[in-house]
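In the two complexes below, chain A is the common chain; its partner is chain B in one and chain C in the other.
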Partner chain A sequence: MNNNLFGYDHQNTWIHRLSGSSKLFFFLLVSIIAMVSYDTRFICLVLVLSLVLLQQSHIKWAQIRLVVKLIVAFSLLNLVMIYIFSPENGVAIYGTKHVIFGSGFYALTQEQLFYEINLALKYFVTVPLALIFLITTNPSEFAASLNRLGVSYRISYSVSLALRYIPDVQNDYQEISRAQQARGYEISKKGKLMARLTGAVHIIMPLIFTSIAKIDTISQAMELRRFGRNKKRSWYMQRPMTKNDDLVWVATIVIVIIGGWFFHIDGSRFFNPFK
Partner chain B sequence: MNRKHLSIRTVVAIGIGTAIVFLLKRWVSIPSGVPNTNIDTSYGFLGFAAVLFGPIAGLFMGFLGHALTDFTMYGMPWWSWVISTGFVGLGMGVLHNHLGIEDGMFTTKKMVLYNVWQVLINLIAWSLIAPMGDILIYAEPANKVFLQGFVSTITNSLSTGVIGTILLASYAATKLKKGSLRKED
Partner chain C sequence: MSEQSGIKFDHVSFQYYSQAEPTLRDINLTINAGEKVLIVGPSGSGKSTLGNLINGIIPHNYRGDLTGTVTVDGINVAQSSVFDLSLKVGTVLQNANDQFVGLTMAEDMAFGMENDDTPVPEMHQRVNQWADYLNLKDHLTQAPQSLSGGQKQRVAMGDVLIDEGDIMLFDEPLAALDPATGYQTIKLIDQLHSEFKMTVVIIEHRLEEVLTQSVDRLIVLNDGQIVANDTPDAILKSDVMQKLGLREPLYIEALKAANVDLNQVTHLDDVEQLAAPHLEQQLAKLATGDPKQPHAASQPLLSIQNLKFGFADQQPLFKDLNLTINQGDHLALVGQNGIGKSTLSKLITGFLTPNRGQISLNGQPLMNDSIKERADHIGYVMQDPDKMISQVLVKAEVGLGLKLRGVSDAEIESRVNAILKICGLYPYRNWPIAALSFGQKKRVTIASILILEPAVIILDEPTAGQDFRHYTEMMQFLTQLNRQGTTLITITHDMHLMLEYANRTVVLGNQGILADTNPVAVLSDTDLCQQADLRPTSLYQLATRFNLNPQTFTDLVIESELGGASHE
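Right after this comes the complex of A and B.
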C-alpha cells in the first residue's frame, strides 16, 4: 500500500538504478532554479530535458494521468485568477505595453500573455521530474537519500516513519470514519457545512488519540533498541554510488550554472523580449 | 539540533504527526472557492500537536506534512505555503511550556491565551509570510496573493481555533489532574 500511494513502480532502467540521493539532489536543485528563473528559453530547455527523462524511465500515461489532470486544473484556475486580479502584471514587469485587442483595464496585452505563458511553463516544468522521482525511487530509500544529502539522521528517520505510518493512519481513518458515519455523523457533501465540521471533529478525535498512544509505543520500542546512541547510522535500503550517480551530480551543477548564466545575460530573473 | 539532540519521542512525534497532517490535508478538507485554499482541518491538529510536543516537532510536522502532500498531489511543493505551515507549527509550539496540558488542566485562561496566540500566528503566516513568498518566489500579482492570504488567515484560524481547542480540552480531560492524589491521613 505504501508503494501504491506514491506510485513506485519497480523496473530496471538506468534511472531506477540510480541512487535515491542523486535523484533527490537533481530534483531539488533543478526545480529550485526553474522556480526562480523567468527565462523562457531556460525553462523550455529544462522542460525538454525532463520530458526526455520521463520517456527514458518507461513511465506509462496511465500512471500519471490523474496527477497531470489535477495540475492542469489547478494551473488553469490560477492563471485565470491572475488575469482577473491583475491583467496588467505583465506590463508592470516588462515595462512596455502592446495591446492585442480590447481596451481599458482588461485589454489583452502581449506582455500579460507572455507572463502567463511563462507561469504556465513554470507550473509544469518540475512535474515530470517529481513524477520520475516518485515512480522510480523506492520509498524505503527516501530516508537514506535525505541523510546522504546532509539532513540529520533523526529527521530522516522521522520522514521514514511518516512514510511507514501513512497507510496505517489511512486505514485507521477509514475504519473510524465508517463507524462514526454509522452513528450518524455526516462528512460527505450530503451534510451541511456545520454538520460536516462537527462530523470531522468526531472522526479526527479518536484518530488522533490512537495515534498519540502509538507515538508512546513506538518511542519506547526505539528506546529499547537504543535509537540515537551513535553519531551515524547505516540504512538497509541505501544504494551504493556508481559512475552514473557522479554524472547526475555533475549534470545538476551544470544546469544550475546555466540557469545562473541566463540571469546574468538578462540582468534579472525575467527574460524580456519586448526591449 | 540545538544543544541537545532531538529526543526519541520528538522524532516519533514528527513522523506520526507528519503522517496525520498528510492524511488530513489530503482527505479531510472542505473547498472554500479560492484556489490553493480550503478549510483545512490539518491546522487544528497542527496547533494541538505543536502545543503537545513543542516548537521543533511542530515546525517539522507542518513543513514535512505539507511538502509531502503537495509533492504527491501536484508534483511540486508550493514552497511559500509549505514554509508558512512550518511557521504555524513552530509558532504554536512556543506555547508548549506555557499551557501545561500534561497536568490535565485546560482552564478558560489558557483557552483564551491559546486562541489569541493562534490568531496572531495565523495572521503572520498567511497574511505576511505566504503572500510575500508568492511575490518573491513566483512573482505573482500582489492583490491576488493577499486576497488568498486573507481568506486563508480566516479559514486556518477557524480550524486551529475550533478544532485545536476541542482537541486540547479533550486531551487534558484524559490526563490526571496535578495534585489530585492526596496522602491518606
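Right after this comes the complex of A and C.
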C-alpha cells in the first residue's frame, strides 16, 4: 500500500527540489496575505504567480481535476449563499450603491458584484498554492517542515503518524465489521435497518481495542528508539537549504510587503474603485 | 570487555500493580557479555517480564513493585531510563509490523538516529551501510509494510542494529514467520552474534528452529522462577522440558520413540552432530514399522472452482484456483508469508468477493449468501482475537452468536457452559475478556465459533502465542471435533502441527496451488519446500543422516508421539 494521501507526485522540477519548509512557509504566508487583502490588483498578481508556479511544477490537469471541480462548485455555492444572506454587504463596505437591476433588499449592486468577484478570486488564488505544496512535497518531509516552522516535533510527528495510520484503521474496520457479521449481525442489505444499526455499533468496541493495542505497541517501539528524549531531533528526509530556498523565503516576504503596501495605498484592506 | 558488561539479575522480584501475585520471584541470573542465551517457559511464566526488565520498559513504563537490582552493562536499570538503555540494548518486538514508524524503510531505520539529533549526512551513511549489510539496499524508499516477511524482520533488526549497542533482545522473533524465513532469521541472529560479539537474548518457544544454530545457554522459567539454567545439551537430557509441558525439538522425540538413552548421546543440541552407541540400529528399528494408511477419500463438502482474485492495483493472487475439501478433512493450508492463505479464507467466508469463480458447500453455491448466512455453516477464527471480540464478559462473547440467532436464554446458558468447559475457560466465564492473556482470548474466539456448530471451521494460526500445553490441549480438542465430523482447515506456519494433526496439506504458491498431498510427503519434497518457503523438520535431517526413508520415519515418530500423548 503506498501512502499517497497527499497525492504526492515524485518528479524533479526546481519546485520539487525545494525544501518542504520553504514551500510551507510560502504557501502559508502568501495564502494569508491573499486572504486578508481585498485589493483586486494584488490578488490578480498573486493569482498569475501561482498559475505560473503550477505550470512550473509539471502538475497535470488530470491529477487535480477532481479537487478543482469540487472547490469551484463549493465556492460558487458559497458566493450564492453570501448573496442570499447579505446582499448589501458590498454596499456596506464600499459606502456607495450602484444598482445594476432589481430593487429593494435583493437589488444587485455593482458593489456587491465587485465584492463577490474579489472573494472568488481569493478562493482561486489559494487553491493552486495548496496543490503545489501537497503535490510537490514528499509526505516524509511534511513533519520536518512543520517542525522547522516552529511546531513542536512531537506534534509534527503525531500528525504524520496519524496520516500514515488512516489506511490501517480503515482496513481494521473492514475486517472487524465482517467478523461481526459472521457472528450474526446482519449488516448487509438483507438485514433490517435497526439490526444493521446495532450491528454497526458493535464494530466500534473491537476497533477501539485494536487501535489502543496498536497505539500501545507503537509508542513503546518509539520510546525504545528514544522518541521524546531530546528537545530537538533531526529528520532523515530533510533537504538541505539551497540558494533557491533562500530566494523563496525572500520572495515570500517581498510579496507580503507588497500586500501590505497595497493596504497602505488603499487606506484599508479594500480597494475601492467606486470613490 | 570489562567484568561489568553483560546482564545481571540480583535477587529480583517483580509484581505488577494490577496482579495479585508476583510475576517474577527472586531471580538470580548472570548473562555474560558475548553470550547467546535462549529463554523458554510456559505462558505466564514471566519470560516477557524478564525481557522488559532488561530494556527498562519495566519499571519505567509498566508500574509495579520491583525488589533486587537488574544491572545492564554496569548500569542499574531502575535508575536509568528506557532512552539511555536503548543505546545498549536493542529490542526487536514480536511483530515487526507493529514497530514500524517511518513512511519508508530508510526513514524507519533512521528513526532512532533522528531522535538523537544525528546530522543528516551521517544518518544517510549509516542507513546505507546497514541496509547493505542486511541486503535491503534495493528497498530504501519502499514502505516497510509493503516488504516481504523476511525483509520486514530484517528491517526490524536494522532499526536497532543501527544504534550499535552490545546487547540484542528478541521477544519471540519467529512468532509471525514462515519456516524458511524463521530459519533465516535465526541464522542472521547467529551471524550478528559471532561477527559483532554481541550479547544475544532470545525469548522463544520454537526450540526446533532456534536450536538450528548453536546456543550457549538455555534458561527455563516456570511460575516466575528459574528452574533450569544450563547448556541446551544438559537441559535436553534432563526431564525439565517434559515436566513443564514445553515442546522439545522433533528429533529428540524421535530419539525417545526409538528408546535411545539421552544420557549417552553427545551433542544432543545439534541434530547434525549428535551421536550415541547403537543409535543407527535403534533408529532403523523404529523405521521398520508400518506407517498409517492414508485416509480414504470421502464426500466432497466445500468446492472452489475457477477462482480468480486480486486486490486492486496488484497482481492477481489467484488466477484459476480449484480445490475440493472433503467431509472430515483436517486440511493444513501452508505457504510463505503474504501468499494469500488468509485471503483464501476470506473469499470462502464472504469477507472478500472474488473477481470470478464459484464456491459451493454441499453442492449449494454460496456466492449469493451474505457473510452471516455463510457463517451458519463455515466458522472462521481470525488470527487476531481482538478483531473478533465485541462483548465485555467471556460468557456474553461466547453466547453472542446464539443470542443473535434467537436461541432461548436457558439453552444459551447450558451450551455456553458446555463449550467453555471443553475449551478450559469455564473458571473464567464471568471474567472481563480484557483481563485474559492472548492465548486465552484466542480460545474465547474459538469457543464462540464452535458454539454455532459449523460444518467447516477455518482456523487462522490457531496456536500462535500458545505454549505447548495449551497447544496440545487445543489441538487434541480440535482433533476430537474432527473425528466427530467437523471439517477443519488450519492455516499454519507450524510444520509440527501440520505433521501431527492434519491429514492433508495444500501448499499455496505464486501460481496458486503448488501441491495437495499428505503432510509428510510435502516436507519430504526438497524442491517444493524451497519454492514455498517451508523447511523440512529435524526429523528429515535425522533420517537422511542415517539413510532412512524420511517419509516413513516421520510418520512413525509422529504416530508414536500421538500414541504416547493419548495415554497420558
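The rule we apply is simple: the second predicted complex is superposed on the first by the 235 of 275 C-alpha atoms of A that agree within 3 Å, B and C clash if a C-alpha of one lies under 4 Å from a C-alpha of the other, contacts with A are read in each partner's own complex, and residues count from 1 in each chain.
Everything below uses one rule, namely that a contact is a pair of C-beta atoms (placed from the backbone, for glycine too) under 8 Å apart; a residue touches a chain by one contact, two chains touch by 3 or more.
Since the structure is predicted, the reported quantities are computational estimates derived from the model, not experimental observations.
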Is A:Thr40 in contact with chain B, with chain C, with both, or with neither (first, second, both, neither)? neither
Applying the touch criterion given at the start, work out whether A:Leu77 contacts chain B, chain C, both or neither, answering first, second, both or neither. first
First (chain B), second (chain C), both or neither touched by A:Asn272: neither
Chain B versus chain C as contact partner of A:Met205, first or second or both or neither: both
Taking the superposition on A as described, I'd like to know which of chain B and chain C A:Ala213 touches: first, second, both or neither. second
Just to be sure I read the superposition right, which of the two partners does A:Ala162 touch: chain B = first, chain C = second, or both, or neither? first
Of chain B and chain C, which one contacts the greater number of residues in chain A? B
Just chain B (first), just chain C (second), both, or neither: which does A:Met237 touch? second
Answer with first, second, both or neither: which of chain B and chain C does A:Ala182 touch in the superposed model? second
First, second, both or neither for A:Arg229, with chain B first and chain C second: second
Both chain B and chain C touch chain A; at which residues? 160-161, 164, 203, 205, 209, 214, 218, 222-223, 227-228
What part of chain A is in contact with chain B in the complex they form? 5-6, 31, 35-36, 38, 67, 70-71, 74, 77-78, 81-82, 85-86, 89, 93, 119, 122-123, 126-128, 130-131, 134, 152, 154-155, 157-162, 164-166, 168-170, 173, 187, 193, 196-197, 200-201, 203-205, 207-209, 211-212, 214-216, 218-219, 222-223, 227-228, 269-270
Enumerate the contact residues on chain C facing chain A in the complex. 55, 57, 61, 82-83, 86-87, 91, 93, 95, 98-104, 106-107, 110-120, 123-124, 127, 143, 145-146, 159-160, 163, 346, 349-351, 370-375, 379-380, 382, 384, 386-390, 400-401, 403-405, 434, 448
Enumerate the contact residues on chain A facing chain C in the complex. 1-3, 139-140, 160-161, 164, 172, 175-176, 178-186, 188, 190-191, 202-203, 205-206, 209-210, 213-214, 217-218, 220-230, 232-238, 240
Complex contact set, residues of chain B against chain A: 1, 5-6, 8-9, 11-16, 18-20, 22-24, 27-28, 30, 34-36, 39, 41, 44-45, 48-49, 52, 60, 64-65, 68, 71-76, 79, 137-144, 147, 162-163, 166-167, 170-171, 174
